[in-house]
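Shared between the two complexes below is subunit A, which pairs with subunit B and subunit C, respectively.
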Partner chain A sequence: MIKAILIFNNHGKPQLSKFYQPYSEDTQQQIIRETFHLVSKRDENVCNFLEGGLLIGGSDNKLIYRHYATLYFVFCVDSSESELGILDLIQVFVETLDKCFENVCELDLIFHVDKVHNILAEMVMGGMVLETNMNEIVTQIDAQNKLEKSETFIFQSPRQDR
Partner chain B sequence: MVVPSLKLQDLIEEIRGAKTQAQEREVIQKECAHIRASFRDGDPVHRHRQLAKLLYVHMLGYPAHFGQMECLKLIASSRFTDKRVGYLGAMLLLDERHDAHLLITNSIKNDLSQGIQPVQGLALCTLSTMGSAEMCRDLAPEVEKLLLQPSPYVRKKAILTAVHMIRKVPELSSVFLPPCAQLLHERHHGILLGTITLITELCERSPAALRHFRKVVPQLVQILRTLVTMGYSTEHSISGVSDPFLQVQILRLLRILGRNHEESSETMNDLLAQVATNTDTSRNAGNAVLFETVLTIMDICSAAGLRVLAVNILGRFLLNSDRNIRYVALTSLLRLVQSDHSAVQRHRPTVVECLRETDASLSRRALELSLALVNSSNVRAMMQELQAFLESCPPDLRADCASGILLAAERFAPTKRWHIDTILHVLTTAGTHVRDDAVANLTQLIGGAQELHAYSVRRLYNALAEDISQQPLVQVAAWCIGEYGDLLLAGNCEEIEPLQVDEEEVLALLEKVLQSHMSLPATRGYALTALMKLSTRLCGDNNRIRQVVSIYGSCLDVELQQRAVEYDTLFRKYDHMRAAILEKMPLAEQDGPQADEEAKESKEAAQLSEAAPVPTEPQASQLLDLLDLLDGASGDVQHPPPLDPSPGGALVHLLDLPCAPPPPAPIPDLKVFEREGVQLNLSFIRPPENPALLLITVTATNFSEGDVTHFICQAAVPKSLQLQLQAPSGNTVPARGGLPITQLFRILNPNKAPLRLKLRLTYDHFHQSVQEIFEVNNLPVESWQ
Partner chain C sequence: MWGFLPIGKQAISSAAGTSGVSSSKSKEAEIKRINKELANIRSKFKGDKALDGYSKKKYVCKLLFIFLLGHDIDFGHMEAVNLLSSNRYTEKQIGYLFISVLVNSNSELIRLINNAIKNDLASRNPTFMGLALHCIASVGSREMAEAFAGEIPKVLVAGYVDTMDSVKQSAALCLLRLYRTSPDLVPMGDWTSRVVHLLNDQHLGVVTAATSLITTLAQKNPEEFKTSVSLAVSRLSRIVTSASTDLQDYTYYFVPAPWLSVKLLRLLQCYPPPDPAVRGRLTECLETILNKAQEPPKSKKVQHSNAKNAVLFEAISLIIHHDSEPNLLVRACNQLGQFLQHRETNLRYLALESMCTLASSEFSHEAVKTHIETVINALKTERDVSVRQRAVDLLYAMCDRSNAPQIVAEMLSYLETADYSIREEIVLKVAILAEKYAVDYTWYVDTILNLIRIAGDYVSEEVWYRVIQIVINRDDVQGYAAKTVFEALQAPACHENLVKVGGYILGEFGNLIAGDPRSSPLIQFHLLHSKFHLCSVPTRALLLSTYIKFVNLFPEVKPTIQDVLRSDSQLRNADVELQQRAVEYLRLSTVASTDILATVLEEMPPFPERESSILAKLKKKKGPSTVTDLEDTKRDRSVDVNGGPEPAPASTSAVSTPSPSADLLGLGAAPPAPTGPPPSSSGSGLLVDVFSDSASVVAPLAPGSEDNFARFVCKNNGVLFENQLLQIGLKSEFRQNLGRMFIFYGNKTSTQFLNFTPTLICSDDLQPNILGFITKPVDPTVEGGAQVQQVVNIECVSDFTEAPVLNIQFRYGGTFQNVSVQLPITLNKFFQPTEMASQDFFQRWKQLSNPQQEVQNIFKAKHPMDTEVTKAKIIGFGSALLEEVDPNPANFVGAGIIHTKTTQIGCLLRLEPNLQAQMYRLTLRTSKEAVSQRLCELLSAQF
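This part shows the complex of A and B:
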């Protein structure tokens, strides 16, 4: 089971945080800080696996992370998940983001965090892997975006929004 | 008047523009005020935008609880845009600890039964993330209906939601078990993936479900085979491997189904062999599948050849240049080390190589695996590696490494000297990280190895002279110097180069320990006692020691003060007893893993009521024939240890052990021997405070006309018991009922093994040498039960 999915930048600022188990807000923030602390200490050419921090369950859980330029993608999983499989899952996630945003960069993720949530929800649900076929995911996301657009079309009002 | 509201992107822009934390807080607080106002006004058009902004600041760590109700309103709206943000808000802000979460149950129910597919998807997603037990119970029927709907999009989500529901409410397993068989026939990978996950969850929870699903093993094998042999398909493949995620899930389920079940394992064997040999290992995806295959092979009842193949694959992976692969290989080997120990042993050299990794995750795994691989044949080599590792490893691994080394040394030490050396090395390298009982264990070990006393005290003295900061080391060294100070000063020890140590140096060192601010109070106690003991071991005058002792009589630490005052009294008023009290300690009984701390610290092992003088030498060689006669077992006859006589009442509080004689237990006496008027009687005592101990008093009486002289009695017991002979009261029994000889045997029988006793008597009687060897029959059962 995937316990949490975190994306943060090189300074530890969270760009996305999704928890699949109930934690209080304080604990969530602490977990983000602790995870960043553990992950940022790692060198460049070591393996992508770490023991989990104490808050998220200690040595029964692992942090599987990938560092892309300025962003860390961290999946916190328990022992039932395949470590190499999760590495591939992170890759699929990033490639899907790439397809949805057209050559995704960090700013895309920063400014459209709600869209990133939507994409993630099509891949991982309830801490379990739902779908890994990129085309399916992208098709769904496109359909949903169209639906949203059609609604705003109806609701266009003369009020000026800033 | 309409308050113009920021779009989410604009807010993010503003927050990023803030130069300091304080500025960011200001921006966010201002915006939250706007958002709160907007919520109060109940503006439906922009509610979704306000909530989106709120969710963003929530991620940054700012309070957002006032948005919870807005989530409900958005979910209840008919617009997809609203629902999307509303459901996301529910997942992020609501959870089962707040009662408010139950309020969305109704909306979810409506959306599940009447909503369009994207909406159903949203509802299912939310339910599977934050659904509590009550919600799951309420909504189970809806989810069940969706399992068999035509749309694969909704079905795959419904299946995973079912998994979540079963985790929350295990009784729902019965609802979701029946559809599984049909779902397995689907072609859609998303549905298959979800179904396999669902079946896995069901099997892990209930043995009945496990038995039920064993019959789908052939079907699973077929699905996997199709995946493996299928040509390249762009749909689900990752680097040329078809849907590795699904393959891995199927392999995991096969593992669970095949475990301890011959028939199922049989069905899988061919396929597993095929996957193991044909998977492309040039990319990560293939390796993921291969690892899962190996774990499955090792867990089920697979053919021997297949197991060998699997372990060899792991061995190959250990040599892979990719660190991730090596990590997973080490983890997998650790899982196998219990069940297939010899197979894993073959890869020991490579595992030891991994200890030298700079990567902390890898070296930690290598450490765990190395410790699991230590056995009696490789212990010396492994310990060398592990000790080298201890010196250079990162601090968070030190404690584990140190305790691992000490445990392994305890179990597999080839010689006592090696054991002492190893513990010494650990104490000097990582002294602050060792377990608390390491000190006790080491003193026990040294105490028991008499031939190594000189060696130990010399090495400990050298180590202490170099460094007095590592407390466990200092404590052991102080104890040793106190006990064996005379051996230290004697200067001769063949095993290390001779060192001339001056009395003054030794005293100076102990004083340094006493005064150092790094020493713990316990350490100081050790040092003070050691100084005191040296007053009898050293030849010079004791003025220096007396001075130190009297200084500490006014020490602030109560324990130290008490000791110092006692020792001072010992010097002043009880000097005649000092030598006897401070004699070398006998070896403390080791009842269990914890050695008796009091026995170490007190100067008295007063479990016996009788005081005995220094004993005669046992004739060990003649005993060997005696020992051979006890079938299969040879007793261990130790020479009686020197005993300290009981001191006077002034020092009674030092005695933590009872010094009163134990009350006699009512076991009948036994007459075991009679020959020409010479009789041997045994009387038994079992002290109530120590049930494993049996005291036998052997009494030799002589009713004949001739004296019995040169009387010697020896004894042997089976191997599982421990025997100690005290010195006899004499060698002669005068004729006509003269004063009998008594001798005390102490037998330790912790396992309550049946007592057997063989006796060998030699004496002169009527100008003839008599030798008798016999086994004692009719030993009372109460003596050992």
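This part shows the complex of A and C:
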């Protein structure tokens, strides 16, 4: 199962964290720091897997990550997940973000924290892969956007009249 | 394509108003900015003006981001809960998001949240149901499992959701999550067979989710889900043999449904090879997957090869798991062999990893061995330490008698340049292989001495203890060992571990090489003593023991050694241990006759054969699954306790000898014994301490635990005990006469706790009245900084006074720790509040007017007399707080029922504060005297 999904930039500033196991707030921050420490010191072009940090569960766990320009996408998983499968899942996640935000950039993740969480929720649920079909995910997100827009239209316009 | 350039979106940032949060320069500026922002949001939430949907969303998003940066968010929860019940999607969604990220164990809120979820689940609106299911899966707490574990299976297999694939998908994974947290609350039933049939569902997303669910359930209930095997095989076969276009959207870079294939192959790994009919079809599938790997790639994109190989690796895992088709195993091995030289680092990594498991199969062990040169080459040339680590693992796994010398030599030479992070592990592996496959023990001795030379700092005690055990047990290498250590010690700089081994071996067997004038007794002694001043105290202590052994072996050096012992730097050494040894050894050498000396200082007897303590160490380091040589972990632990010889040669024989100086020696010969208990571990006397390792002695209650205990009378959660090493936290819940207590043990140090054993002790008086049992033992090893959890189930049979004791024993570093605390399970925990009107109350009050039924206590207030605090305490105590019952409004009145298995006892209480005198009068009336008495005691202590 996936234990946590972390996104942070090259300076270790977290941009998104989603934990699928209960950890205290302090531990969450420590895990982010430890993971950044482990991942950031690695060269480019080495393999995308490494043994997990102690906090997230030690040697039965792997960190599977990709580094895109200024951002690290890290999935902390246990041994029941396929490494290459997760690597592709990260790719699907990023491609989906790119579709939904049209050329996604770091700031999109900060200012649309809710959207990013929603996209992630369409892909991963309770630490398991929910949907891998990008078209299906994007359709769901579009439907949500439409729903939001229609609500803004119905509810907000009359309020402005008042 | 992946720009991630923050330029050009600045406009959005100022519009959203969080620019300061993300671009704060310094930490202080950030904190200042955030506090300002938090204050702003708080005032908005508290303000009179109702916020519109957009603003609510904006502020909640800001809170999420601030939380992400690591700041506590202590408000907004109520606003989020209110958003849940909105009918507008936007608001509901943001509410759920907040709850999912910032879960709070606040049970009041959980109830409200559960209520909202219940409504949404029943709404039949797929969007709302989806949000609710996501929230359950995110929080996944026990409370939620209690509320919904029965409900979700219905959603999953209900007829009316036939059209809503997304709901089915979510329900399957939601159920899986609840099963993980609380398997006992998910009842198996009719739904299981219908879930299995979801493997035939048209929607591949549903099949993927269902496969995940079934895989987890099948691990615990294999019988129940046996039928899934044939369904999974036929589904897999349809995917594998389909043209890649058949599955349309689920074709990923020309690979048909790779995730589903991986999941199905994982599911099949829960079961042994299937019946012949199904088996034929499965073998076909696996062969097809292996064949496809040889086809030219349909795309040059890395995603294509990743997806294809993800399936391939999973297929290979299944082949290895079944371990029954030699043909497939050899093909798998050849395939992995190709990957070993692939240009993709990821594939090389995975190939090394898979081959490790393949090496333990008898069918493919030989095939794996043919790749030895490639693996050795990987060790030398890989740039990535993770990959080199896998190569070391594989070499270890493929090692047998035929290639041991080569592999050990390669590992040793790699050790010279190995990364610091994996050196200790390599040292352990080399030591184990050298011992396991040694035909010629001189080779073994050479190897270990080389280890110490190359990586002395990483040679742990276990390793050098072991070499000494082996040398002492094998007559044929003793002479060789003495000669070799003597030569090794001649190096101008040698590692302290070598001095230890050398000192020990020469002390025992120096006589075997004393005939050679180049290694005469005096030369041996001077060689050792030349290192003495550079060594740490434990090593010097060991060397002093070696010297006294020399006195016995070589009478001619006795004066020289006596001079050394007599010198001020020994006799007046600041270290007590060294001083004592010097004094006692000097005395021993002067008063004892040759016979007595010979008896006291005779050669060490052979060690009993036992499992290598090094293997135990490696297992601990890597976890039992990764060490191929699986053995009983229990034995493993006991080895740790008495593994390795004591570093002082004199001790064993000395203690058992009835010599006049024996007791003297007995004191002196206690080196920093690794098994000794610390003097502070318990106050129950020396004799007890000596035997406390047998885990039968319970420490007296830890100081301060009484106070902590009292604090838990009116609350259920908090920290029960804390010292420098250990923290014990509690979370408990009680209902009727039952209770459940979650105990969290936190290791505050950075070192492992070993043999960690908590036990629950109910005294004889308590036993019949309260039943408590630990549901499952905790792992005996608690990693540094880790927290482990344990659940205690409690049943109250009848009323009781004492509290059960929790005793925790573990080893920290070399010392034994023993902690006892009272578990705050008190009678009032089984209270159910009862609301009643004034009239009823006084009527019942009068009914309980027997003198035995009433207990009264008048006492001085220990805490400030605050009305609100008092109210909270009475409610926390468990009884209902009855307002407007007592004619005097300053008084507090409460009522409740104590539930035990045998009876229910109604209780009434009245607390009358006297502010002027700073006194209270507490009156309790119940139908049972002992209950009145106990409740009065417990509650009196609270004010």
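Assume the second predicted complex is superposed on the first by the 156 of 162 C-alpha atoms of A that agree within 3 Å, B and C clash if a C-alpha of one lies under 4 Å from a C-alpha of the other, contacts with A are read in each partner's own complex, and residues count from 1 in each chain.
Going forward, a contact is a pair of C-beta atoms (placed from the backbone, for glycine too) under 8 Å apart; a residue touches a chain by one contact, two chains touch by 3 or more.
Keep in mind it's a predicted model, so treat the numbers as computed, not measured.
Colleague: Thinking of the overlay built on chain A, is A:103 touched by subunit B (first), by subunit C (second), by both, or by neither?
Modeller: Only subunit C; A:103 stays clear of subunit B.
Colleague: Quick one: subunit B or subunit C, who's touching more of subunit A?
Modeller: C
Colleague: Name the contact category of A:46: first (subunit B only), second (subunit C only), both, or neither.
Modeller: A:46 sits against subunit B and subunit C alike.
Colleague: Who does A:69 touch here: subunit B (first), subunit C (second), both, or neither?
Modeller: second
Colleague: After lining up the shared chain so the two structures overlap, which partner does A:55 touch, if you call subunit B first and subunit C second: first, second, both or neither?
Modeller: A:55 contacts subunit C only, not subunit B.
Colleague: Using the superposition on A, tell me which residues of subunit A are in contact with subunit B and, in the other complex, with subunit C.
Modeller: The overlap between the subunit B and subunit C interfaces on subunit A comprises residues 13-14, 16-18, 20, 22, 25, 29, 43, 45-51, 80, 82-85, 87-89, 91-92, 110-111, 113-114, 117-118, 121, 125-133, 135-136, 140, 143-144, 147-148, 151-152, 155, 159.
Colleague: Where on subunit B does subunit A make contact in their complex?
Modeller: Residues 2, 4-10, 12-13, 16, 45-46, 52, 55-56, 58-61, 63, 79-81, 84-85, 88, 91-92, 95-97, 118, 121, 124-125, 128-130, 153, 156-157, 160-161, 163-164, 189-190, 193-194, 197, 235-236, 238, 243-245, 248, 252, 284-285, 287-288, 291-292, 323-328, 331, 358-362, 364 of subunit B touch subunit A in their complex.
Colleague: Per the contact definition, I'd like the list of subunit C residues that touch subunit A in the complex.
Modeller: The contact residues of subunit C facing subunit A are 1-6, 8-9, 12-13, 16, 18, 22, 52-54, 57, 60-61, 64-65, 67-70, 72, 88-90, 93-94, 97, 100-101, 103, 127, 133-134, 137-138, 140-141, 166, 169-170, 173-174, 176-177, 180, 204-205, 208-209, 212, 215, 249-250, 252, 258-259, 262, 266, 303, 306-307, 309-310, 313-314, 345-346, 348-350, 383-384, 386-387, 389, 622-623, 625-626, 783-786.
Colleague: Taking the complex as given, what residues does subunit A use to touch subunit B?
Modeller: Spelled out, the residues of subunit A in touch with subunit B are 13-14, 16-18, 20, 22, 24-25, 29, 43, 45-51, 80, 82-85, 87-89, 91-92, 110-114, 117-118, 121, 125-133, 135-136, 140, 143-144, 147-148, 151-152, 155, 157, 159-162.
Colleague: Mind pulling up the subunit A residues that touch subunit C in the complex?
Modeller: Where subunit A meets subunit C, its residues are 1, 13-18, 20, 22, 25, 29, 32, 42-43, 45-51, 54-55, 58-60, 68-71, 80, 82-85, 87-89, 91-92, 94, 98, 103-108, 110-111, 113-114, 117-118, 121, 125-136, 140, 143-144, 147-148, 151-152, 155-156, 159.
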